[in-house]
Structures are given as structure tokens and as C-alpha cells.
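You will see two complexes here that share chain A, one where it goes with chain B and one where it goes with chain C.
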Partner chain A sequence: MKPVAFEYERPRTIDAALEHLATAPNAKILAGGQTLGPMLNLRLVQPDLLIDITRIPELVSVSDEGDALKIGACVTHASIEDARVEDHANGYLRRVASGIAYRAVRTRGTLGGSLSHADPAADWLSALLVLKAELEITGLHGSRRVGLKKFVRGAMETDLSPEELLIAVHVPRSEKTARHGYYKICRKTGEFADAIGAVSFNPGSGGFCLVAAGGSEQPVTFESPENLFSQGDPLDPDSFDMPMAMDALREAGMEADDYELQVRAVAMSRAMQDAMSP
Partner chain B sequence: MKKDGIGARLIRKEDDRHMRGRGQFVGDIRPAGMQEAAFVRSPVAHARITAIKFPDSLKGHVFSISDLKGVHPITAVSALPGFKRSSQPVLADKKVRHVGEMIAMCIAPSRAEAEDMVAQVEVEFDELPAVYDMLKARDAETALVHEEWGDNIFLETLVDDDMKAVEKSAAVKVTREFNTSRQCMCPIEGRGVVAEWDSRLEQLTVHSSTQMPHIVRSGLAECLDMDHGAIRVVAPDVGGGFGFKGILLPEEVCLAWAAMQLGHPVRWLEDRRENLTASANCREHHYVVTAYADNEGKLLGLDAEATVDSGAYSAYPFSACLEAAQVASILPGVYDFPHYRCHTFSASTNKPPILPYRGVARTGVCFAMELMIDAVARELGMEPTDVRMKNLVQPEQMPFDNITNKHFDSGDYPEALRRAIKAIDLKTIRKRQKKAESDGRKIGVGFAVYCEQAAHGTSIYAGWGIPMVPGHEQANMRLTPDGGLEIRIGAHSHGQGHETTMSQVAHEILGIAHDKIKLVHGDTAYTPYSTGTWGSRCMVMSGGAVAEACDQLAERAKAIAAKMLQCKPGEVELKDGCAVGPTGELTIEEIAYIWYRKPQNLPTDVNPSGLEVIAGYKPERDSGTFSYAAHAALTAVDTLTGEVEILDYVVVEDGGVLVNPMIVDGQLYGGAAQGIGTALYEEMPFDTEAQPLASTLSDYLLPGPTEVPSMRLFHMETPSPYTRFGVKGIAEGGAIAPPAAITNAINDALAPLGVELTISPVTPRRIVEAIASADAKKDAAA
Partner chain C sequence: MTRIALTVNGTKVTREVTPRTNLADFLREELLLTGTHIGCEHGICGACTVVVDDEIARSCITYAVTCDGAEVRTIENFDEDALMAKLRQAFSEEHALQCGYCTPGMLVAARDLIRRGEARNEESIRIGMSGNLCRCTGYMGIVSAIAKVARAHNEKAEPDATTRTLGPAPGPDAPDGFATESMASAGSAKPVKAKAPAVTPVLDSQPSANVQTGEMTQEGKFTKLTQTITVNHPREDVWRYMADIEKVATCMPGVVLDGPPQEGHIDGRMLVKLGPISADLAGEADVARFEDEWRGIIEGKGRDTRSASLASGRVEYQLAEAEDGAATQMAVSIAYSLAGPLAQFSRGAIVRDLVSRLAGAFAQNLEARLSGRESDAAPAAALDAGSLVFSVLWDRIKAFFGKLLGRGSD
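Take a look at the complex of A and B:
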């Protein structure tokens, strides 16, 4: 399990990285390497060039933009877990970060790497979908911003073109009354999730987003509690209706068998409970 | 007993180098000029090879079976009647029989370059239907793994009995079908081989991560037509074996051939992908068992059919039939009942050859038998521990010859169970179960009792007639001129701590300080012949041989001391490293110094044999020691997600006299962790083309630190009447009972829902689906 021979570059600026991307047709971006490393060793990817972007200062910086926090793509999960990055989502970002795989992965793995890989079983994708995060993408021909939901085209498929680089994630600032919940079901600590439920809503001002994910299917997003709660207060976790939720997942096109649908509905339900717990 | 002798919780001597990363494993060995090997492995399970093609530029770097002229295939026959022989070419010869089978060997300066070569080798196949299921393998119409056999059965055995009378008289008859999934042993260090030719000594040296260097030497000599003397096998530090390294590897033969042909050293290190896809080789059993019992839970008879998926070839030296034949002889477990019938099949399939994994057949057998006990208890509405108590062999029956003639040497099985019941606190759990848990989970308690035959020798293995039969175990021992002690044994340590425990035995007898005792092992050039480290045999066998050698050495030392002290040897006593006579005393250092450095001071009629001995040992009876244990598990099951948490785990173990209880604790913890893997996580699924589906550790789940609970261990110490110091082998036990205890606990939790699981591992999916199908049944009935 050794990779094929490849060249290695570690540019110091975004422009230099983009130039390498433009000139080497078979290049791969290396950030934390937590997915790319094994894929290289298994020869599932066989690049001519690896462009290590972890030493570009802009990509590891974090800035407060008032209504949102701009987090550089190479900020690690551990930085968020350890509160080296402000958590302006009422503690939610820290909680999600601390549950990613295990510490060694969090020390190296990056926010941008996770999102550009777009594995539906990974944490940030679902967690940030409910927060309506936006991604900042740059290329030799300019920069653009795209919502996370639009960015993800399918399982492990994104809107990123081969010449572009994801440079930052803009996470909108949460209102103080907003509630976020997250729940993950996996066979053991450190494994990718069989089911993820992520939810964000604001009992005062309205707004609701719930995401179910897991396995190899694209995450399913619900923008309204309708069809998920059987009775009473639609935001009361106790009235979350499992059979309804399973039907809703099926209707949303999630291709999964009964067991998979059941655990994903459970994850949704427990994410609701998590959001409502004090 | 001495403070640092038998029974001391001594820190292991090995720990210092391992904790500092100074151990030396095969991967640390790099002789000058070494090149690396990578293998072209079969991507298909069953096919004829029609062509092997590679670019001309790779000539001299890529080798297939046509290059390995004169190299014999590996054959491991058993003398059991009806056994069919398989021939395993070291590189595939015309046909491949499992995914991962080696087809060609590529040699390059680095592993990455060798893998580049692998990518350039093209193999054309004529694919054959794959035999992917051991039960289907038994059908007449299925494809044949070995055409010349006419079927797919390595061996069929029958322990017969007339069950008719029992069938009539029994109050209850309970039948269950059990499956244990195929697993892959995953020692933290994979296999590895470095082979080199020494032209001065005209000797092939093979460094291998093996449990049995002497057996590997014999196997290499047979495959390569070489004298044993022309081969030296060295096992350096070995990072876990568990049976995975108790084998002659085709890779060892290939690398030995390459080193001799190419004139430079060659190394191969197994990677995790090879480990998982080419070597999923253990645990896959299928049982149909019927138990007969009276109204009070007393077993009247057991009727079983067992099939073991033995894979494509018979591995050297344990053979393809050890597992299934063992099933027949050990299924009755720790219980005493009058009628027993067992029909076994060792089926050949297109999967890697089966190897004996820690516990060997016992893990599957314990699963089948202990789940049967719980099934009988449920049928009778009894507490499962009460059914166990009714049927366990009683202490006053010891030593006891059971229904399959296993000779249980000593112990109090019911007492172990009583202590486990008390430790887990069965009464309180039963009360707690009457109320709902606040988190909505269901809790359940499960037990499993087993005994473990260890250090079984000639009389047992001669019957199997496999390539390796253990005889007397030997130790070589030398006092050095400065009064130090060198011990040489032919068994090897791959984590057992022999450097410490053998030292404890020697210290107990000779009183020499531990820092002056050195164990030399793992090298055929320096150590006496041994079948190696397997079957929980080393403490009994090598420990016994070391004790015997110490006794002989003590006599020699005393004789020299008597000459110096001018008394009779019988008047000299060895005490704390001193030979004490009526007129004075001499330390062992002084005796050694005089013998080696001042022989002029010795009288002329001194015994010329000196201070080096080789001594052999076998217990009074070589039918094996029987350690035993009762395990108890308390689990909580999330019925919505199928997740299982082990809330409490208790082990009450009797391993006879313990030489180093701390090492025993480590063995139990490690074994139980593997047992938890079997119970809840580990499974190598194969599809209908016999493709292994878990090719990385994110698909093949191993329990990690967060999945293994803090276990509570309790020891009993009933000495074996047959061994030196009363020791018994205990190394495998931890891995035997957890699948049974944990599954019984899960079934106890889910019994109110009408759910009973009979397959390992018990995964969340299996639990959720079993609950759903029980619900569907209830709905249909309503």
C-alpha cells in the first residue's frame, strides 16, 4: 500500500496554488490528508502532483464579518474543538467538532477538506447545511460564493471545478434564541456515521432546517417541520413521528432499506431532543 | 515461594524496550542491499489462469510458478481417516482458489516500485463459479475447489450415539441453528519476512514474524529440498500472533527462493489490505444443535451437526481439519450428560485457508453450547444459571473424563459460576429489569462457562497426525562465568512476556537475580527444537523444561560447591543463590567463577559436565491442563438503533497456579477484547463470487479502547495435579466466552420482545431487523 510516485509542492500563496492547479492536469489538493492519505496509499488516486495548501496563511485564518464568521478552509477540527475559533453558533460548532472521528484525525483534518470531499457520512456537511453556510471559492478567473446546499451535487460530488480552490467557509452568526441539535449514530468511535441528524430552528423567530444523512446517499434537507411531527407543538421532540419521518425520507428520494431509514429517523429525532435540551 | 518468583506481579522485562520504541521487529531489519517484494494477488476467487503477461523490461524482477522450478507445494495432511489432501502451490499454478492468492512476485529496490511492477502485470483468467458458502459447498451440484476430490469436503467425522431413547424420555427438546461469521485476525504487526543467503555459512537466514521458527524451518526445508542445517529461522520481536503467525507462509518460501536466486536480501511486509483481503481465515462455523432435557433442566443428550468453512487449502502445520474435528470433541464443554452425537464437516470453499485463532474452535463451540443452555432455560422458564448449575461437572468428580474422553484435570466449575453470579449481582439485575430504564434501553444479563485445554501434547496430536506433533519440550541453560544465567527455549514470545515468566521460574529455583537472567528465544540457531508458541502451552511446557534444567544445574553447582567445601553433595543446599554446606557457603557467582576461570582450584575428580545443561520436560499426563472460567455480561440494548453497551463485565478465571498474575490479567483483558470483537464487530462478509467485502479497517471493525469496557477479573487458583508448580495454560480463554456471554445478555434483554439472536457478531442491523421480524410475527398472529 504505497502511493504512485508524485511531485509535491507547498505554495505560500493562493495564487501560487492556483497556478500549480492550472498547469498540472492531474494534481490533487492536500490539506489535512485524512481522506487523501489512505486514498493515495490504496492507489485509488494516482496524481502527478500534490499541492499542499496548509502553509497558506489566509487559509488558516478566521475573521469576524459581523453577521457571519469566515473560517479559512485549512482550519482544523481541533482548532474549533479547542475554541481557538470563536463559536458564534451557541456552542454547536465545538460540539460537532469534538465528535469527529478521534483526536488524531481532528488534529490534522480540516473544515475545507471535509466539505470539498463531500462524504455524506462526514459531520460538517450535515452540521453546516442546517446553518446555511456559504463557501468562498476562488480560481484564476475570480472568486465566487455558493451556498453549501448548492455546492454539494451528490455523494462525493461538488460544484468545485478542477482549477478552483475552496478557501473559506462563511458561517452565519446564530441568534441567541436559536437552537441547534446534532446526533450521530456510528458503529464505534471514529467511524463514519451510519446516520446523522442535524437541526437548527428558532422557536421565537421561526425558521427550521433539519438534515438527515448517513451511508453513501446525499443528505436530505427538510425546511419545515411538517410531515415529521404528528401532533401538538411541531417543535416538541416528543411529537416527532418516526414512521412519518421514515416516509418523508423515502419520499425525499433517500435510497435506503428499512434499517437505514429507521436509524436515520432516530438520529433526526434525537437531534431534536438535543436541540431542546437545556 | 520467593518474593520475585512464581506468583509475583513482576513488571515485564520486555516493557522497557517496547515502551521506548526500541523493540526490533521484522520491519526494523534492513540488511545491506535488501530489496522489497510485492505480490500480484488474485482479484478473483476461482479461475483458471490462461496467461500471465508483463513488459520485457520487468524480466528478472517478476516471477511466477514457472520460475520457481523444484519448489514443492505446501501440503499439510492429517492422518484422520478420510482426510483429503490439498496441494498449495506457493505461487498459483494454473488455477487460483481464493481472492488474494499469490500469482506472481515482483522485486524492486522499494516497496512502492515493487507495487508499480505489480500494476504492470496482466493476468488473464478463465473464471469458474465460486464456492462461497460452506453449506452450499456440501451440495453435490456445486463447483469443486479441488476437482480431483469429487466433492468439497476435507474431512467428515461422526461421534455417534443412539438418541432414540433420549428423544422419547426428554421433557423438552430444543433445536437451534447458529452461525459465527468469518473473521480476520488482526495483530497490530502484520506478517513479515526478510530472507538472505549467507555464502560463508552456506545458510539461508529467514527473519519472520512467526510463532514457530522451528516449524517454519522444517516447512522451508521440505518445500525447498534443503537440509535443516542450511536454514536458520529467526523470529525477532513479534507484535501479536494469535494463531495468524502459526503457519508456514507461501511468502516465506517465495522469499527464501528469491534470496537464493538473486543473491541479495529480500523483504516482504504484509500491508493491512493484504491482511484483510487475502487472509480472512478464522471462526466461520455453522451449527444445528438439538438439546434434550428433563423438566428440571438436567441435560439428557445433545445432537449436533457442525460445519466449518475451512477455505481453499490445508494450512501447514495445523491442517484444514483441526477446527471441525475439535468441535466434535469439545462441544459438550463443561457439562456432564449421558448422550452425545456430533457430525462434522470441514468444507472447502474459495476462501483463504482456515487458521486456528486464539481459542481455536472453542469460541464457536462455547457460543453454540452456551446459547443452547439459555434456550433450554427459556423453554423451561428457568434461570439460565440454574440450568448451568444442574449440569456442570462437579468438583468431587475431578479429575473427570467427559463424554468425549477429555480429561479435566482439576477445578471447581460451579464455584466459578457462583462467584460470577455474585460479582455481577444477578439478583439486583433481575429486580432492575422489572422497571423500565430511564433512557428507554433494555438491559439483560448473560453468562458463559467454558474450559480450555492447554499444553496438550503427544498423545493428543499423534491422533490428529498433522505435520507437527509436540513431544518433550526442552530448555538449554548455561551459567555464565560471572554467575549470570542464560536460558534458551525453542518457543517464542509474541507478547506473552516469556523473558519475564521464564526468569521467574529460574529465580524461584536458583535464586539468581532477575537482572542476571537472560532468555534467548526465537532463533533456530541458538535454541532447542520446539513446535513453538500455540495452544497456551509455553508456561506449562517451556516453564516445565526451564524448571527441570534449573534442577539439573542446581545439582551440578552443588556438586562443585561440595568439592570446594569438602563435604558431600547431599549436604549442600541451594538457598537464595548460595550453596550452603555444613562448613561454609559459596555463592553461585563464586561457583561459576571457579569452574570457568580457576579450574586449577578444582580437584581432578570433578564432574566434567560443567555448568551448562539441556533438559526436557513433559507433564505427568500430556492430555492437557484445563483452565476454566465463568464470564458474566450486563448489557443495555437500544431497541431503536440496535446499539449495545456493555455496562459491566465480570471474569472469574481459574488458571491453576499463576506465575505472573499481572501478565495473566493482561492475557484476559486482551483476549476478552478480541472476544468482544467476535461478539459485536468483526465480520468479513463474502459475496456470491467469494469476494471479501471488507477491505479496510473502516469496513472491518475492530473494537478499540472506547468499545472495551473496564472488566472486573477474579482469580481462583486450583493447581493442576500434573504439571510443575501446578500451572495451567490460560492464554486463549479471554477470547472464548465473550461472544456467548454478551449474546446471552442481549437475548435476555430482548426476550420480552420475542427476539433471540443466534449469529455472531450481533450487529445493530441484526438486532433491529430481528425486532422488526418479531413484531411482524406478532402482528400476523394478532
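Take a look at the complex of A and C:
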């Protein structure tokens, strides 16, 4: 239950962090360490070097870019939960943040750490997919932005190359009338979810996006999922058609048995109810 | 060793630590503050909860070196704290402890919950305290003790220090102790290992349409699963291609053979990467083919030296004609088992996802090679695949990952 011996570096700038990444073989980035820590202690991960990026000022900053909020990768879930970061998504970000694991995890766990680990059972992945978040990634050869959907390639697998660093998440500002919903099903509070449903409904632009995730494979995203409602009216969550949703999940390639599909459909349905509840 | 300077329970402390020393061990063994208890040691049980810069944190998965410049408070530091005094009293009155092992963590977490105004009713207390486990199962008493104090606690939560970092404490403004200077010299000057060719099994974010994964079942210590891969080439061609182990190996991401097969026996290794976990499996496999049945079997075992884990497995494939002979359907059944430290953790479904993606990559590479489109074959560049068809690799992989991944919660 003790990690292997590793070296530790604490760069103060993004460039210095990238230098370490480029020169040190078998290095791992350490942010809050709430996922990496257990893996280190269990020796599932045995790095030669940990690069602590929590003291790089840019990574713990938040800036308003007008149509989006740029949240530094090392901002903790608790900072969002406590509204120390503006919630420009009508309270949705706070709700999601406050349901992540436990308070003692949220105070250290970070937004960027969660996304770059890309555990399909993690909250931010599904929650931010419906908001069309974009990730800002930087490397020694320049920076790039990539949509979250494209970023996630599979369970625990992302578009991030070993020499790159996720530095910020751009979350588009929600319309005032937008309704977002989130629901996860887990056997014990705070545990990895068995199923997650997330939804974003934007009456102004007509944008409507529904995401379902399980504990194992990358989330399935439905754009314009009106056909999953028997009356074609998403404003009436009761008309959500469960059997049709299960079929849609199956068709989308979700490899799960009937029970698992049903739990995911239930999570979607409850996310709809969450979004539409006053 | 790295030198760190931090404040613990109001006292400035400077010590040399190894980077891997967690905060809990540092407090207990270096400072003899044994009030902080260690339970699960991987962030599940909450027994080690302490306060770092005014926020609760799990000291077993927080490394002491990352607390350089921070202010840490342990259970020993709350004697004069009015809210904690009420909690102690209530815990006693409500019989909120039996063996007492979880109590320091419970008290620290409960004080934080009340302080934040989140102990509104029984439900919110139970949710708020769900990260702290009591093995005596004395939750009734614990919850009622917290409720009792919360009811009488009318003060508003202490205002948050708005200057605090938005990231994990202590953040960019904290002084560096002496960390950086000694870190370099700490250098046990480890030989720099060649960077392992990271193997990324996935070529495409979408599950490959020509691979279907069946259900996973458990038989004794073996996990079994089946997969059907469809390749757009006649059965004869696929069968012939599959006979060349070295070629087939190049279709499998992450596999490297030690040399050509000797009478159906191969030695090789496979590197698999899943999130931050990577496993380098060295092993051997035996290959058998049954010409008249269009069937092949690969049986192998491997070992990951770093984790001292063993994997063994068996892959059987059977080729059938599809689409009037224009295509081939390959039915693959895989059975694998894992022993050693890695075997304790399992999130089988993630393995299934990985396996299915590996199969997708394999099918895509096989298809490309059969069509003579070398260039389209996997950006396998990094991974000079090794033989073992699916066998060795697969099993291992799966095996591996299967178990590796799952870490219970949080």
C-alpha cells in the first residue's frame, strides 16, 4: 500500500512542466491526486517522476471570455461547488460538482485531472459533453483546442499525447432559458456511477443534447433526441420512451446487457426530469 | 529526500521526506501525531481525514511533499475548538463510537459539514458523511450526534477566505519550502530508462463496426468472453495470413516478438496502456492450428515484472465464410486469468471496452495488410507488434486491465 519510490518536481510555469514531460520518461502529471493517489498506493501506476502542476498560476485561474468561461485545469470541484467559480450554466456546474465523490475528495480533485483521466464513470465527462465544452491543450510545439467529444477516445483513453498538458476547459455560456439536467445512479453515495444521464435543452437556439454513460465505455451522445419522446415533446419528461431509448443505446454501439441498458435509460430519463423541474 | 516546510497544528515544521511519503505517514511517523488513523490507505474510508488550508483532505492519498508551505491541522489541534468540543460531547452522549478507529476522521469531517451548513437534516448528514466508513457500523449514533450539534449550531459558516487558491491547497502562492533545491541533489541518479513505446490500442474513437463483443462470463478463475470479427477477404486468404505468426503479430498493437516462432512456440512481450496504468507483459505462447477445421488455438502466459502479476490465457479462433465467400467471420473466444497484486481490482466492463477496441485495431490492421495497404495499417508505428495473434496478448491485456482498473470508489 505504499507507492514505488518516485522523484518529484514542482514547476512554476507551463513551459517548465512541458520540459519535464518531454525529458523524463515514465513521468506522470499530478494535479489533485484523487485518482492517481489510490493508483499509486496500489502500485497500479509506477512512475519514475511526478510533476506537480498545482502551483502554476495559469492552471488555477478562471477567466470570462464572453461567450465562454475558461476554467483552469487545476480548479477543484469544491471551488465550483462553493461558487468560488462563476456558474454561468444556470446552477448546473455547482450541482454536478457537489455530487462528485466526497467533500474531502472534491477539495483536491480537479476538473482537468478528471477529464484527462477520462474514466467513463466520472461526472465531468458526461456533464460537460452536453454543454459542448472544449479543451485547451498545450505542448512544446504549440497549443490546440479540441471538443470534449473528440477528446475522449474510449474508456480512460484520450486524444492527449504523452508530451502534452491539458491546461484549461472552455465551457460555453448557457442561454438564460437553458435547462440542464444531470442524474447518476450508484450503489453507494460518492462511488463510481453505474449509469449517468446528462441533458442540455436550449429553447433559444433549439440546441438539445442528451448523453448516457455507463461505468465502462465512452458516453453515448444524442444530438436532437426528440425522437426518444413519445409525443416528440422534450418539455414533457414523462413522455420519455424507455424502450426506444434502450434501443437507441444499443444501436449507438453501447455494449451492455438489458439490465445495464435499462439503468442507463433510467438515468437519462431522470436527467430530463431534473432539467425540467422548476 | 526532499526538504519541506509546513505548519502543523500551529507549529512550523521542517523535515526531509521522500516524495512518496503520504501526509498520514508523515504526521504519524515523523511528527508522532498518531491521532490521524490510516484505514484503507487508498482514499476510500476517510479515517485519515485532516484539514489542509481550511479544507478537509484525505491524508493517505495526499503526499507530504505536496503540502510544502501548507497549514495542516489534525485531530490533536481541536482541543480549543468550540464546535469540536460540542461534537465530542455529542459523540459521547449518542454512543457515536465503539472501537473509535474511525472517530478522528468522523469528527474532522463532521465539523466541516456543520461549518459549511450542510448538516441540515438526517439525509444531508448521511450524504455528507458518506466518505467516512465505520466498520462497527455505528452510523445511527454518529448521525444523531452530528444532528444534535447541527441543530444547536446557529452560527453561519465561517466566511471562506476568498484569497485562497481555486486549486488544491496550498496553491501557487505558497512558498516553496526548500523543496526545489534539494530535489535535484536527492537524485539517487536513477538511470533513465528508454521511453517505453506507449501503445494506444485505439485507432478511432468509434467502436469498429466489424467487431462484436459478446458477454463476459466467469468460470472458476477464468474470465471468458467471445468476439466476432468480420474481415472483407475470403477465408482462404485470412487462414493463410493467420498462419504467419510474425505477420499477424504486427497487426496487434503493442506486441513484440523475441524472434521467429519455433515449432509453434513463441516468446515475446506486449505493452498495454490504459489511462495511467501500463503493463509490460513478457511471456510465451504456443500456437496450434487445425487445418481441416479452420480453427486455431493460442495458449500463453506472461508476467509483468513491475507489479509481479501473472497473467495466463487461451484464445481460440474459428474462421467461417461470410457474404457468399467474399468475407470471413472470425469467431474468437478468449479466456484469461490473473494472479498477483493486480488481480485484486476489477472493473471488468472497462476491460471489455479495451478488448473490443484492441480487436477493432487488430481487425483494421488485418484488413489493411490483407489488402496490401501497409500505410493504412495502424499507426502501429510505435508498437512493433509481436506475434501471438490474439492469444497471449489478448489474454494478458484483458487480464490485466480487468483487474487493474477498478479501484473501488472516489
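As a working rule, the second predicted complex is superposed on the first by the 272 of 278 C-alpha atoms of A that agree within 3 Å, B and C clash if a C-alpha of one lies under 4 Å from a C-alpha of the other, contacts with A are read in each partner's own complex, and residues count from 1 in each chain.
We adopt the following convention: contacts are C-beta pairs under 8 Å (C-beta built on N, C-alpha and C of every residue); 3 or more make two chains touch, one makes a residue touch a chain.
All figures in this text were calculated on a predicted structure; none of them were measured in a lab.
**Student:** In the overlaid three-chain picture, which partner chain does A:D48 touch, first (chain B) or second (chain C), both, or neither?
**Tutor:** The second partner, chain C, only.
**Student:** Mind working out whether A:A5 is in touch with chain B, chain C, both or neither, as first, second, both or neither?
**Tutor:** A:A5 contacts both chain B and chain C.
**Student:** Of chain B and chain C, which one contacts the greater number of residues in chain A?
**Tutor:** Of chain B and chain C, more residues of chain A lie in contact with C.
**Student:** Quick check for you: in the superposed arrangement, does A:E86 touch first (chain B), second (chain C), both or neither?
**Tutor:** neither
**Student:** After the superposition on A, what does A:G154 contact: first (chain B), second (chain C), both or neither?
**Tutor:** A:G154: touches chain C, not chain B.
**Student:** Once the shared chain is lined up, is A:A101 touching chain B (first), chain C (second), both, or neither of them?
**Tutor:** Once the two structures are laid over each other on A, A:A101 reaches chain C alone.
**Student:** Per the contact definition in the header, classify A:P38: touching chain B only (first), chain C only (second), both, or neither.
**Tutor:** both
**Student:** Identify the partner contact of A:V266: answer first if only chain B is touched, second if only chain C is, both if each is, neither if none is.
**Tutor:** first
**Student:** For A:I185 in the superposed arrangement: first (chain B), second (chain C), both or neither?
**Tutor:** first
**Student:** Can you list the residues of chain A that meet both chain B and chain C?
**Tutor:** The overlap between the chain B and chain C interfaces on chain A comprises residues 1-5, 38, 42-43, 188-192.
**Student:** Where on chain B is chain A touching in the complex?
**Tutor:** Those residues of chain B that touch chain A are 110-112, 115-116, 119, 271-273, 640-643, 681, 696, 698, 701, 703-704, 706-707, 763-765, 768-769, 772.
**Student:** Of all residues in chain A, which touch chain B in the complex?
**Tutor:** Touch list, chain A to chain B: 1-5, 38, 42-43, 185, 187-192, 194-195, 242, 258-259, 262-263, 266.
**Student:** In the complex of these two chains, what residues of chain C are touching chain A?
**Tutor:** Counting only chain C, the residues touching chain A are 2, 18-20, 22, 41-44, 46, 49, 52, 55-58, 60-63, 65-66, 68, 109, 112-113, 116, 126-128, 130-132, 160, 162, 164-169, 171-172, 174, 176, 179-180, 183, 186-187, 190, 192-196, 198, 200-202, 204-207, 213, 215, 274-277, 306-307, 341-342, 345, 347, 349-350, 352-354, 356-357, 404-405, 407-410.
**Student:** Name, in rising order, each residue of chain A that touches chain C in their complex.
**Tutor:** 1-10, 12, 24-26, 28, 30-46, 48, 50, 52, 54-57, 59-62, 72, 74-76, 78-79, 82, 84-85, 101-105, 107-110, 117-120, 150, 152-157, 162, 188-192, 214-218, 253, 255, 257
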